[in-house]
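For reference, chains read A, B, C, D, E and F in written order, and residue numbers begin at 1 within each chain.
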Amino acid sequence: MRYDGRKNEELRPVKITTGYIKYPEGSVLIECGNTKVICNATVEDRVPPFLKDTGRGWITAEYNMLPRATQTRTPRDIQKLKLNGRSAEIQRLIGRALRSVADLDNLGERTITIDCDVIQADGGTRCASITGGFCALALALKGLMDQGVYKKIPLRSHVAAVSVGIVGGEAMSDLCYVEDSGGEVDFNFIMDGSGNIIELQGTGEERPFSKKELDSMYELAKNSIDQLIALQKDAIGDIVR
Amino acid sequence: MRYDGRKNEELRPVKITTGYIKYPEGSVLIECGNTKVICNATVEDRVPPFLKDTGRGWITAEYNMLPRATQTRTPRDIQKLKLNGRSAEIQRLIGRALRSVADLDNLGERTITIDCDVIQADGGTRCASITGGFCALALALKGLMDQGVYKKIPLRSHVAAVSVGIVGGEAMSDLCYVEDSGGEVDFNFIMDGSGNIIELQGTGEERPFSKKELDSMYELAKNSIDQLIALQKDAIGDIVR
Amino acid sequence: MRYDGRKNEELRPVKITTGYIKYPEGSVLIECGNTKVICNATVEDRVPPFLKDTGRGWITAEYNMLPRATQTRTPRDIQKLKLNGRSAEIQRLIGRALRSVADLDNLGERTITIDCDVIQADGGTRCASITGGFCALALALKGLMDQGVYKKIPLRSHVAAVSVGIVGGEAMSDLCYVEDSGGEVDFNFIMDGSGNIIELQGTGEERPFSKKELDSMYELAKNSIDQLIALQKDAIGDIVR
Amino acid sequence: MRYDGRKNEELRPVKITTGYIKYPEGSVLIECGNTKVICNATVEDRVPPFLKDTGRGWITAEYNMLPRATQTRTPRDIQKLKLNGRSAEIQRLIGRALRSVADLDNLGERTITIDCDVIQADGGTRCASITGGFCALALALKGLMDQGVYKKIPLRSHVAAVSVGIVGGEAMSDLCYVEDSGGEVDFNFIMDGSGNIIELQGTGEERPFSKKELDSMYELAKNSIDQLIALQKDAIGDIVR
Amino acid sequence: MRYDGRKNEELRPVKITTGYIKYPEGSVLIECGNTKVICNATVEDRVPPFLKDTGRGWITAEYNMLPRATQTRTPRDIQKLKLNGRSAEIQRLIGRALRSVADLDNLGERTITIDCDVIQADGGTRCASITGGFCALALALKGLMDQGVYKKIPLRSHVAAVSVGIVGGEAMSDLCYVEDSGGEVDFNFIMDGSGNIIELQGTGEERPFSKKELDSMYELAKNSIDQLIALQKDAIGDIVR
Amino acid sequence: MRYDGRKNEELRPVKITTGYIKYPEGSVLIECGNTKVICNATVEDRVPPFLKDTGRGWITAEYNMLPRATQTRTPRDIQKLKLNGRSAEIQRLIGRALRSVADLDNLGERTITIDCDVIQADGGTRCASITGGFCALALALKGLMDQGVYKKIPLRSHVAAVSVGIVGGEAMSDLCYVEDSGGEVDFNFIMDGSGNIIELQGTGEERPFSKKELDSMYELAKNSIDQLIALQKDAIGDIVR
């Protein structure tokens, strides 16, 4: 049995609160167990230089943790004048994941920025940011559709993410911090609703792992992502077709 | 009548949720109308160089707004590699206010950092940070007292803050964003529970103001601070004597 | 009697040398006792983005101390790649004070930058910067008027500043460094020539202070500001009407 | 047939020149087709703070491209005062890969830094950095062993990396720049000599990909890594047992 | 006899490899003994603001050392967020030297950037950068001439540089690192092919030096520069007339 | 005749005011015509890491210009988060020049920092900084000698600097800004009192120059330096023997 009593394939309780902050064009608070991330989507009528006058749009993300999202306090990036390497890596990942399901050609010349601010971290913050960030993005795009900007929401499918790992020799889904830091292998699966993979990152933290182990982690992930996408639909409605 | 129907001397609804984030030694979410600030207190066993080996402690604060705490998105400081001038000013103010009621001589060689992260801003964020930050500080010190570190909590009194201003020719308490940005004079009063002033900042945004106007703003502030300190006591108990 | 023999209401000797540096459009050296600040005004035909094409102008200030303006050497900001928090706060204050008496609508689309460089610091440097900075600003605007740019100088009144504090239980005006660092309460009053307040900042460094103490400091400040404005007029002439 | 005439499973010509730079403790130039990376290993008798007095060592990597390693010039990071996000991500990956095969417990309290400087880039620079960086690391450790510091080289196995992707619907190994930028799916496999995976990163650049496609890319990668490890042994000898 | 057996007036073996990196418009590897510098020229169709719409062009240089170009590892500039003072000085020198022989009026509105990346340093890296950088520049300009952009190459003459010093009381040419660091006087001469001086920098590292010593160093330098220019012509052809 | 009526070999009026700022251990204002530089020496009981526990001391310099020392305003370095390349180069030069005449072995484990802040610039600011900086240094060392720290002042000789150039075909000493910017050749000579050279920097701004021109500039410089050293002795006394 797992640290918190879950079965190996069981997700922590997920709660997606929409309209969490009142100003952003899309806003959700996503809670996966004790991990809590505010995901805010901002729509701006400008694009990065390489897209100027192409008629295409852009989606980007920023990821940050409050200093006391964690057990010990992490100094703010501005203190060292350096964006934390881990944050830089994660926000690039979130941006890629969200762009992969968006129809950038039909977005119009606008940029949508998804701010993922972790207020409490208990493992899986990058996955929660993707799952929640998708909802914030979809809500912002729905708002534009409701204003008549789009006839059809420019999203091809849902996207969600889950961490899967091997802990004490067993494959487990949705690792909490204790499991993650004690695990042997650590994966992040980002998938759409058809069991196809959008991005995959896996590290043998403690030891190399076999192809067979990869296969079993894939099965767990596929099942978890299906559940997460169902939860997204409960929260924001069935707006992506 | 005011923008949101309040009387001139009336505070917005205030809600102080303690234990909001699970890891910090003290944590509250303070909501003053639509202004929402997470205040987290961190205790660390180190002091700044100038206090090394003096037996004295230190209290400091950091203030930040999420990019979409506001109507339009503000880029993060790390983007420009510069701490926002306004944030720098505010966090120095919060630190001074909290130190003014603390007994640093009896704090022990430790630093308490109060992180004030504004997740939604509708005016009065620096005042909410001080009022909420005091609660986070008091809870962290109570935790140390409960562990037997102190016999008596090293705080001399409560401290709270309120913005007061002159809008449309009338003095009003606890300005929301619309009132603040349209007002003629804008004050922040930081006071203790006896009507004494700890810090005072006032600007004639649109015009100079008279001594008489200052006097009437003081009266409003004094009354509001009394209410805020009562609300602090409701939230954290009567732990400062 | 005070540290340097002055009476409580007495200013230190003030000397304002106009045309101190030859290149700026307005330049003064202001000496308040041992505090010496070079104030240079630069006129540039550009405005910040938010004023573009509005026909309005802007006034801003920068404040800096030479490394050995003080008893011990302070490393330059560029060493740490961070603008000193105190400098950031002071230069925002100077800018607000000068803008408050300027008629920005009739300034034309230009920016006037007031550089306040403290070459020797003995308390009250921010107040000296405002009092001297006003002279540099007025001289630069007079230069533009003499060139026919303005019919009337775009200034509504003089502005000057003084530090007032409570030291050893007594209210005193124009604190020198020794008084300031040993004082209980420390105020900066920024006022126009009619006894109206433009900005007010006060801190109970050692203890909270009462409304009555605030009232007595106001009286001292009002009197000192009247003298400072008279000295400004002696130095730059009676050009603001 | 591929862009440069190779078969889908065929590596570009690989050349590993040892002792390329004379000062580092280990130095190789690795050339994979037109991709050229200088990998230098530096041994220093200090460890990061979290390893102080633990007796354990550390391995870290830095990755950089010369401005004209690419078709168009990329400004140096110092120009923007920011470490490029892509470089930050890659150097974290290289560090993890090399640490995964090292016996840090028996390294002694020293840090080995692997500098990977890309002088010419034609796709697969991060993989070349790992494959070449391993050689530089092994040579530096062999040097220490030759000096009598170790009885046995503190490496558990070889590590090498290859990019594999789906281009025009076909899985291909060791993508050059043209293939990489036009491909649908892009993977980096980091493996040891037994077909076990150390790290895996895959992105559906143009579309999601299926589990079956992942399986076929794994097969290609496994085969390529075997060849790369054989080439490593040719270059540095059979020093890891 | 010198450290490496050379005569006082003797250069180390010089090797200039053209077309070293395949992407830049001009590229050479210059080797002066153990000093090795990659010099890449990039042509871009933009000029600095002060040259906009003047029809004139610009030449600039950047200089950097790989961390292990030297005996001990030097952290990268980005680590400290500061361009190394020595590098800043050297790249300004290289830029001035190359501009001094170029006909900027006839360059067209384009900027040519010469990147000098030292991969191995054994003294004289700034001189090698100038001598090699000239070749990269000339090759890039020849490329433009071959495309029909110029009728005549916009260069007035060759430029080369050599370090000359006084070591153990004797004037010597082309100091290697050991000689340089143990020397009494250290000069860099930058000259054209007619014995005229373009720039001169000399420092009495250990003691002041006399005019007579300066004269004897000039003679050595003149002779060495003649040889270096002959070697440049061997490498890139006789394209400057 | 020259721009300001001087003869070719004639210095501008030089004024050295000692004790200009009251806090530094040594302080002078040096005025060379319209060029004005405040030179402050600070003594601190610490040395850079490479001198720790060697018993030796260090001398370093910092150079900066006030934003309006020049005809147009130059933004402060902190604005761009970069130390100006020109300043970096100049302060390294000042430091080398002053160290060259100091007896660092007998300085004791202390660092003397010479801050050169240009308040008005009309050409020759680096030379004025060296000539004035030497006086500030000597005064600080004399102060230490008077306190009994030294028996003999740890300086081997005076050092002064002058700019010499070729303008309109004629060699001239002590160029003012107009001459400097219109000149063909620009030299800085740093010399001791015996006509020996400490450092030499010369650039053919507009054209290469001949050895004969270098010789004639040396003669002018030697003569000017003699005068400057006499002026130093008038100002600070004959304390270096």
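The rule is short, and it goes like this: a contact is a pair of C-beta atoms (placed from the backbone, for glycine too) under 8 Å apart; a residue touches a chain by one contact, two chains touch by 3 or more.
Remember, it's a predicted structure, so these values are computed and weren't measured experimentally.
Enquirer: Touching subunit A and subunit D alike: which chains?
Expert: Where subunit A and subunit D might share a partner, there is none at all.
Enquirer: How many degrees of rotation carry the C-alpha atoms of subunit B onto those of subunit F, rounded to the nearest 5?
Expert: Between subunit B and subunit F the superposing rotation measures out at 120 degrees.
Enquirer: From subunit F, which chain is the farthest off, judged by mean CA positions?
Expert: Result for the farthest chain: A.
Enquirer: Find the geometric centre of each of subunit A and subunit B from their Cα atoms only, then give the gap between the two centres in Å, rounded to an integer.
Expert: 33
Enquirer: With chain centres defined as C-alpha means, what is the inter-centre distance between subunit B and subunit E in Å?
Expert: Centre separation, subunit B to subunit E: 59 Å.
Enquirer: Distance between subunit C and subunit E based on Cα centroids, please, to the nearest Å.
Expert: So the centroids are 51 Å from each other.
Enquirer: By the touch rule stated above, which residues of subunit C touch at least two different other chains?
Expert: In subunit C, the residues touching two or more other chains are 81-83.
Enquirer: If each protein chain is taken as a node and each touching pair as an edge, is the resulting graph a line, ring, star, complete or other?
Expert: Per interface graph, the chains form a ring.
Enquirer: Name the chains in ring order, counting from subunit A in the direction that reaches subunit D next.
Expert: Counting round from subunit A, the next being subunit D, yields A, D, E, F, C, B.
Enquirer: Where on subunit D is subunit E touching in the complex?
Expert: Contact set of subunit D toward subunit E: 21-24, 27, 34, 38, 40, 42, 44, 62, 64, 66-71, 73, 76-78, 81-83, 113, 115, 117, 119-120.
Enquirer: Subunit C touches which residues of subunit B in the complex?
Expert: 81-83, 85-86, 88-89, 92, 96, 100, 191-192, 194-204, 208-211, 214, 218
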